[in-house]
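Both complexes below contain chain A, partnered by chain B and then by chain C.
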Partner chain A sequence: MLYFKFLKMHFKKLLQYRLSFFLSLLSQTIVSLVALASMYFLFDRFKVVAGWSFSQVAISYAVVYFCFSFTECFGRGFDRFAKLIQSGGLDSFYIRPRSIFHQTLCSEIEFSKMGRVVVALAVLIYACAIQPFTWGIDKVAVLIGMLLCGIVIFFSLFMLGASMCIFTIEGLEVVNVFTDGGRELCQYPLNVYPEGLAKIFTYIIPFASFNYLPMMYLFDMPGATVWGHALAPLYGMLIIIPAYFIFRWSLTKYKSTGT
Partner chain B sequence: MRAYASIFKIRFINTMQYRTAAYAGVITQICFGLMYVFLYLAFYKQGNIPENFTATQMVSFLWLQQMFFVYFFPIDQNKNIVGQIEQGNICYEMVRPMKLYNNWSVTLFAEKVAKTLLRFVPVLIFAILLPTGVGLELPASAGAFFLSLFNLIVSGLLIVAMNMVCYCLLFKTMSSLGIFSIYTTIASLLGGSLIPIPMMPGWIQNILNFLPFRYTSDLTFRTYVGSIDIQSALIQTAIQVGWLMLFVVLGKVLMNRCLKKVEVQGG
Partner chain C sequence: MIEVKNLSKTFKIAQKDKGFWGSVKGLFKRRYLEKRALDDVSFNIKEGEIVGYLGPNGAGKSTTIKIMCGILTPTSGDCVINGFTPWKDREKYVKDIGVVFGQRSQLWWDVPVIDSFHLLKDIYKIPTDEFKKQLDLLTEKLDLQSLLNVPLRQLSLGQKMKCELAGSLLHKPKILFLDEPTIGLDAISKLKVREFVKTINKELGITVILTTHDMNDIEALTNRIIIIGKGKLLYDGSFDQIKHKYSKHKTIDIEFEEDYQSVEIEGCQFVSKVDKKHTFKTSDENFKLTDFVERVSKKYKIYDVNVDPINLEEVISKLYEELGL
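Moving on, here comes the complex of A and B:
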């Protein structure tokens, strides 16, 4: 498949600049470990927050870091769509016999983000291991659903940001409020925050669907149901449908910057 | 002196051009401010609140942090200066009849101030208008206000002086990749920008007193909210000024040593 050829190519490109790759890998790892350490300090003092313990919050931290960094790695082309428009690179995408979606996906892959993916995965495995309950097949399925859903949601946000770039030409800082902000917000189960804020991130941007809703099922919280909580990641993934069509529609409105 | 004043003016006016970036920054700061306020208030509901850091003080602290986010950012990665070091354009700077150390520090400080002036007022207005309990409160006392204002200025200079030492190290490594972001993360943690220092375990707080990082934002904001009483704030201000002088001397010495060794290849 063409995508894997690109994957290999990006990887080879990377190996040409080994030192800078390892340095950025190192810095990504330190960034995520420091975030975890500061969370540990808080729980050292306060023990629980809104009924969640450190080992439970560690799961939401690991899930959101995994999803965000994974998307940043493979969806980098959408994240840097403004550059593609400014340099005129997008113009050449239009004349090639592949979909623009496919070409954008292939245009950039940022492997250095894998440092954070690995740290997040390690934290996730550790946090799962120290949970007091035994893992049934249903809970493993919910956890995998959460990971997939998070990736799909962040990817959709990147795609919506890219669609906006077509009209604004410049990259929009406001998009970062949702992507980076979402990453920070979802480190904790969303019901830590006031109800209004939690509702916005349940129904408008469905962060809750890979965050506290399935987590309530995971930890057998009172009131957790299969339909409302365990299957929440499936509902959350639906955001990709409008996001994809908005992206397709915005491409029809593209005017070249004339470079 | 007049030359440095004009460099300050040029850099200041230059940075003031980037309004759109600043508006986006304001929105980001407000969103993050709200998020942190609610998050830490949720933690405070559990009890075991640090006795020198009440909920109201904590909330004001968080808003000050958002207002002065760019001002207290641990490192200003000035593309121009990094480029001069990495690509060798520094030779043009070296033939100018002024000290490179002063030139760069003034540039960094001017940009810092300009970026802050563009951002802090809207965040201030928003935070003041919020209801009591989630908004910014008035300073603990008139004394605390003026002392924190003094701390604010010294902090900016201290951060610039620390940055200058980092830039000197750049002469050795010749690549800013990774290093600046590692520095940012560690300085943010040790300076109390990730979580406020009073919430950290006691033994870490004791260590941090001996490091320069907390004598920037932590000291300034906690003097303002009254988490540090005036008397100890005065002592800590003295320590802050001490760190500033130490880093200026260190930076100048390092800079002189680096500049002696600079080799620029023709081209």
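Moving on, here comes the complex of A and C:
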């Protein structure tokens, strides 16, 4: 498959700059550990925040971080679409007999983000181990659903951001409000925030669908239902459909840049 | 093979008012200026032709090429190449075209050239034996053997261009678009690129559309040129005819035996003077060197005369001038 050939090429490229790779891997890892540590100290003092324990918030943090970093690693081409337009790289996608979506996906893979992915995964496993809850096939399925849904949502946001770049040529900070901002915000369950904000991140950008809502089911919280909470990740994933079509549509409006 | 009919492309450019408040206003209310990058351009190109596509910067050359490659969608007009409309059947259409942009690379910067070629093999789904045959052919014709295992970033500009050319031909395209392929190259590399383009056109029958600012590219490769300016098609025909039209323009250097302060010759325009050497220009159609020397030597003592016909760069700049560009 073409994607794996590209993967191999990205790996070869990475080997050309080994030191640079290890340094960024290291810094990425440290950054995510610092974020976790600050959360730990917070809970060390307050024990419970808005009804959530440290291990529960740690799971929330780990899920969001895992999804975001994973998408940053493999969906990097969409994240940096503005650069692709400015460098003329997008022009050369148009002259290849493959879809622009496929080529953008293949165009960049940022392995150094794997440092964060690994940290997030380790935190997730550790937090699951110390969190006293009743496991079952359903809970495992919900957890996997959360991870998949998170990746799909962040990926959709990257795609929407890329679509906007077609019109603005330059990258937009507005997009980062939702991607980076969303990532920071959703590390804590949404009920710690004012209602308006929580609503935006539930219904407009469905961040709640891969952490707050399914986590209520995961921890057997009062009021948690199968249809409303356990299956929330499935609803959240639907965002990729409009995102994909908006991306496709924006490509027909591409104006290219001068040489 | 290539039919371009009434092609037009209009870009909308957002107008901004000056200053801080102008920018703020621009956020809410935008005025757009329409820029016609291409205005009703039509031409046909037959299979196996080499066509030079000329025009000053900003004339619409790149826009045309980008439309023909399927990158841009025109505002109106038609373009059928190889039976396809580029921007409609993009994925099917581009299998049969090769594109080289002189100013940007399409190969991977950090990895050996051969790896980029193998990736292209997968992108175009070229069967292994066909790929090998074509690669061998291109390696031989472009003398690439020593370059294939070197990362692109370590190659010189000329070497890079050779690799770009090879990369654009691996999938055996029927049409090759070259956008300023000799830009920035040294004299030897330019010659090699021209020779190679001529060879693939003759031996493989590839149709070539070439944009360039170097008239020597045109002189070496083709007689058919298309000139556009300000988005409009201005000329479609033979290069020789244009050269002939301007061949009456000549530069004459005369070195005299004495240091004359001013020399006046009928039918000639004085340009400059360095010591005893005076330079003139003439547009006399019936210019004959023997008559000229005889005429001048009646009044002045001539030591040496040198006549230069107008060079190609001057031909094209005169033409642009005449066309109002």
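The definition used in the following text is that the second predicted complex is superposed on the first by the 258 of 259 C-alpha atoms of A that agree within 3 Å, B and C clash if a C-alpha of one lies under 4 Å from a C-alpha of the other, contacts with A are read in each partner's own complex, and residues count from 1 in each chain.
Keep in mind that, in the parts below, contacts are C-beta pairs under 8 Å (C-beta built on N, C-alpha and C of every residue); 3 or more make two chains touch, one makes a residue touch a chain.
If you're wondering where the values come from, they're calculated on a predicted model, not measured in any experiment.
Asks: Between chain B and chain C, which one contacts more residues of chain A in the superposed model?
Replies: B
Asks: Touching A:Ser92, do we find chain B (first), chain C (second), both, or neither?
Replies: A:Ser92 sits against chain C, while chain B stays out of touch.
Asks: A:Leu172 in the overlay: touching chain B, chain C, both, or neither? Say first, second, both or neither.
Replies: In the superposition, A:Leu172 contacts chain B only.
Asks: Is A:Ser256 touching the first partner chain B, the second partner chain C, both, or neither of them?
Replies: A:Ser256 sits against chain C, while chain B stays out of touch.
Asks: Spell out the residues on chain C that touch chain A in their complex, using ranges where they run on.
Replies: Going through chain C, the ones touching chain A are 11, 62, 66, 69-73, 90-92, 94-95, 97, 99, 101, 103-104, 106, 108, 110-111, 115, 118-119, 122-125, 151, 179-180.
Asks: Report the residues of chain A in contact with chain C in the complex, numbered from low to high.
Replies: Those in contact with chain C are residues 2, 5-6, 9, 12-13, 16-17, 87-88, 91-92, 94-99, 252, 254-256, 258-259.
Asks: In the complex formed with chain A, which residues of chain B make contact?
Replies: Per the touch definition, chain B meets chain A at residues 20-21, 24-25, 27-28, 31-32, 34-35, 38-39, 42-48, 50, 175, 177-179, 181-182, 185-186, 188-189, 194-195, 199-201, 204.
Asks: Flag every residue of chain A that touches chain B in the complex, lowest number first.
Replies: Touch list, chain A to chain B: 19-20, 23-24, 26-27, 30-31, 34-35, 37-38, 41-42, 44-50, 170, 172-174, 176-177, 181, 184-185, 188, 192-194, 197.
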